[in-house]
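Some structures are shown below for you to check.
Each of the next two complexes has subunit A plus one other chain: subunit B in the first, subunit C in the second.
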Partner chain A sequence: MNKAQKAMLEMREMDELASMSSFVHRMSPLSKLMMTIVYIAVTASFNRYDLTGLVFMVIFPVILYQMSYVPVSTCFIKLRGILPLILAVGILNPFFDRATVMKIGSLEISGGVISMITLMMKGVFSLMFSFLLMATTRIDELCQGLRKIHFPRAITSLLLLTYRYSSVLLREVSNMTDAYHLRAPGQKGIHISAWGTFLGQLLLRTMDRGDSLYNAMVIRGFSGEFLYAGNKEYIRCSMIMAIIVCGLMILSRFYNIPAIIAGVFIK
Partner chain B sequence: MHMADALLAPGTAAVMYAASAAAAGISIAKLRKEEKLGLEPTAKRLPTMAVAAALVFAGQMINYTIPGTGSSGHLCGGMMLSALLGPYAGFLSMITVLLIQCLFFADGGLMALGANVWNMAFYGCFIGYFLIYRPIMKSSWFAKKGTNAATRIKIVLASVIGCIVTLQLGAASVAVETAVSGITSLPFGAFLGLMLPIHLAIGLIEGLITSAVLLFVYETRPELIKEAQQGEEVKNRFSLKTTLIILAVVAIIVGGGLSLYASSNPDGLEWALFGNADEGYSENMGLDEEDFGISSEIADKAQGIQDSTSFLPDYAFAGDEENPAGTTVSGIVGSAMVAVLAVIVCFVGGFFRKKAKAASQQT
Partner chain C sequence: MIRFIDVSYSYPGGKPVLRNINFSVSEGERIGLIGANGAGKSTLMKAALGLIEAEGIILIGGTAVKKDSLSRIRQLAGFVLQDPENQMFMPRVIDDMVFGPVNYGMTREAAEKEADQILEKLGIPFLRNRYNHKISGGEKRMASIATVLMMDPKVIFMDEPSSSLDPKNRRMLINTLNGLENTLVIASHDLDMILQTCSRVILIDGGEIAADGKAFDILRDRALLESHRLELPLSLQTI
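This part shows the complex of A and B:
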């Protein structure tokens, strides 16, 4: 399977997840977007040594994953996109920041180790939540929601069209790559002599496709705005629920809940 | 170069969002203005912009073998989009590419999107286009070689220099944004010294791929490249291979000097590792005691509860009582409880799912 096919598979998987039905799927897209933004902002705002406070944040995505029936495992494949840079930044922390901040028995833990762990956790948590947003919301629903808050039409229309056409072009690229490799067995990538022609040919066809696409759209009455049909029934008070969840998130930023829970029990 | 949410502080992310949103607003306004001038309606450009963005997205899946090495390069596309569509339309297309990568492939986070748009789309489409691509294409360099050959050389020159410079700017911005966010203990100089040389190589390869594609387009459909001057056909064409080699050498010299300067001034990693220990480095970088945690009444109360309940007070944070709500043993115990709670939630969820499944099978 080549890279383009893998990408196609991934997009399809997201589409299938998003068209399932569950409580979270039925919440309005804007409320989910708001929760995602608040969650990521709260998670990112934790101090880099505040490991215990950050741990509590895992509860929100875990509960929502259970409610939405989205398997958590699919989300971890996506980590490969963000992990390299986080690792590059985080892995050196223990070497630069050696002041001991904590002792467990005779084991001394430096600030660098703590900050490395919190950095990784922040990365994983925010990924989990934004994945949840896309796994429970179809892209057209999201764009429709964004249009309701007067997000620029040019960008939402462009996003929908690009999304629609990326699978088409991925298929083209996949076919072309396969054909190329069948003619050039044992070669790893595209040879330098074909750098220009390979993508260039596709580009020319694509530009023509853009023109014919526009003509086809005009014939069907396109005037620059997509009309969203078939409104899905969303849960009525999903915005209120989202606001409550956001409030809980913000509360858990200011109060170290793990410490409070433990404080009640350890006495 | 995609930034992750974890690498940005919310404040920095918000600033970058504002900057990118302003650039996007200007681009939309410019497109509207062009529409009013009767050039081309935005609605008509939309499909072309979308398929071009989809092309760039799909084109990133192609591996290009780098001659002489076992590795392969990829396309990022900012420069190519602005050369084909113009900077404003190119910028908007690039935003959608980044949006799709972010939403469906988790390349870069939702909160970091503003920063990613700035680092990858803004520099490529605006700085790269207005300061590098257009001036070079409009210049009368290499005029002696004849119009066609001159344009070919200019295309290669503009895209290679453009890609290298814009990627260097983007990489430097990643380092600045991370440093401003105060996320990492990695010193700014060291991070910059890490990022710039890597992106020098990436920029060079991307520049060469972009120029190869643009040259092909120029050969077959010159009208698609607006900046190329139309002229009479000239027979003696400059070979692509020679141009690529010459420009690769030029780019290595120019860019190599640039990032050597950046990474040796100061020589970040060494400076941070060896030269700075006695200047109380660890105190400066992040162990700032006043910055820690929060000081509200409830937090103090929580601290009080902990003080009275923690049965192993010696295991607290060394030397600093005011640590973020005291990550003492109670914190560790609490975290363990949160983990147990999470597992319980999963079990309960699984139980109800099974029940629902059984119910649906029965009916």
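This part shows the complex of A and C:
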């Protein structure tokens, strides 16, 4: 299997995840989009030393992953390429912020370490929630949600068509790479002398296929607008659910819920 | 149902692909468009669907194919593309089937009900929730026909519908086509399939109509076919 085929497989797996059936999948795209935006905004707004408050935020994605039947591990496997970058954010903080803010026994923990951990957590949590949105919402539904909040049609069309055409591009890359290697045995990669013609051919072939794909869409009434005919009952339910979840997220930003719960038990 | 009046087309900067095409198709008629590679069959069908702007007049169900009538035309006429890979762009068969009707204002529930009936009619209800990339070429072809039938078109244009099908799937396709009541225009090099599905054949060569008549009369005319770079259908080669 060549790299293009692997990438194609990953895209298809995402499509399969988004086509599963669960309450979260059936929620209207707009409500999921709203929850994601609120979640990221709330998570990002936590103070850099507010570790306990931030820890509570993991509850939201974890519960939604359970409800959607999307394994949390899938998120980390799919996003393995970005995770190191996220984790690298704030790695220099311990060197700049050395003031002690916490003591565990005799171990002094500096503000830099805490802020590094909170930054990492903010990144990972936001990524988890964004992945959940992608894994439970098809691209056409997502674009339709964006249109509802008055995102320009040109951008949503571009997003949808780019997604559709990227699979066409990958398929062509895969076919051409296979054809090349069959006639260039033992060669690693594509020789530099063939790059020009390879890319030129790829462009022409992709344009042809993209054209056919677009024709198939316009023939069936596609006009750049996305008409998501979701079940009205579900749309109402999902909006109510989204409002409740967003309310809880905002509440947990202003009240340290773990501390309140702990206060009940520890006097 | 379909009328082509003096239809011509040239690709930008290229030589003419269609030259003064004139013919009519009655409601329910099945037409086989035959011709060698590059004869203009696919271009003719694209012009009928308004995918390219040709000179002359094309009428589908009395509606002229123009920029402002394309929405109506595409409700009247469906198009089965040569490569079903290009036709099926949604993750699952059912998603692809409801794509068109939902674009025309049908609710998802109603579209899904309709889809179930069509899948049943075509004998492929098991494909409903299957992923497009996990079904075979033959199944994909049948599913692509189902997506077009979902639009309830009066006319269906098909470009090489039997290409890359194995004998069993090809037989299933022929049976399906023979069971349809829509007006059919089928462009194909599979002359045996044309013989089994179409009552009339139009032979195109160099963008012009070289012959138009009963399928059996044209498809058994060895001299006519050979003069236009075609051969007798295999089933007639012993005659």
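Note that the second predicted complex is superposed on the first by the 191 of 267 C-alpha atoms of A that agree within 3 Å, B and C clash if a C-alpha of one lies under 4 Å from a C-alpha of the other, contacts with A are read in each partner's own complex, and residues count from 1 in each chain.
Assume a contact is a pair of C-beta atoms (placed from the backbone, for glycine too) under 8 Å apart; a residue touches a chain by one contact, two chains touch by 3 or more.
The structure displayed is predicted, hence computed values, not measured ones.
Q: Is A:239 touching the first partner subunit B, the second partner subunit C, both, or neither of them?
A: It touches nothing on subunit B or subunit C.
Q: Quick check for you: in the superposed arrangement, does A:87 touch first (subunit B), second (subunit C), both or neither?
A: neither
Q: For A:257, decide between first (touching subunit B), second (touching subunit C), both and neither.
A: Only subunit B is touched by A:257; subunit C is not.
Q: Let me test your reading of the model: by the given contact rule, A:34 touches which partner, first (subunit B), second (subunit C), both or neither?
A: So A:34 meets neither subunit B nor subunit C here.
Q: Subunit B or subunit C: which reaches more residues on subunit A?
A: B
Q: Just to be sure I read the superposition right, which of the two partners does A:248 touch: subunit B = first, subunit C = second, or both, or neither?
A: neither
Q: With the two structures laid over each other on chain A, which partner does A:47 touch: subunit B (first), subunit C (second), both, or neither?
A: After superposition on chain A, A:47 lies in contact with subunit B alone.
Q: By the touch definition at the top of the document, which applies to A:223: first (subunit B), second (subunit C), both, or neither?
A: both
Q: Give one of first, second, both or neither to describe whether A:209 is in contact with subunit B, with subunit C, with both, or with none.
A: both
Q: Show which residues of subunit A both subunit B and subunit C reach, each in its own complex.
A: Comparing the two interfaces on subunit A, one with subunit B and one with subunit C, the shared residues are 164, 209, 213, 217, 222-223.
Q: Would you mind writing out the residues of subunit A in touch with subunit B in their complex?
A: On the subunit A side, the touching residues are 2-4, 7, 10-11, 14, 36-37, 40-41, 43-45, 47-53, 55-56, 58-59, 62-63, 65-67, 69, 78-79, 81-82, 85-86, 88-90, 92-93, 95-105, 111-112, 115, 119-120, 122-123, 126-127, 130-131, 133-134, 139, 152, 154-155, 157-159, 161-166, 168-170, 172-174, 177, 187-192, 195-204, 206-207, 209-211, 213-214, 217, 222-224, 254-267.
Q: Which residues of subunit C touch subunit A in the complex?
A: 46, 49, 51, 70-71, 74-75, 78-79, 81, 83, 85-87, 89-92, 95, 99-100, 102-109, 111, 131, 133, 147, 151
Q: Can you check the complex and tell me which residues of subunit A touch subunit C?
A: Residues 12, 15-16, 18-19, 138, 140, 164, 171, 209, 212-213, 215-223, 227-231 of subunit A touch subunit C in their complex.
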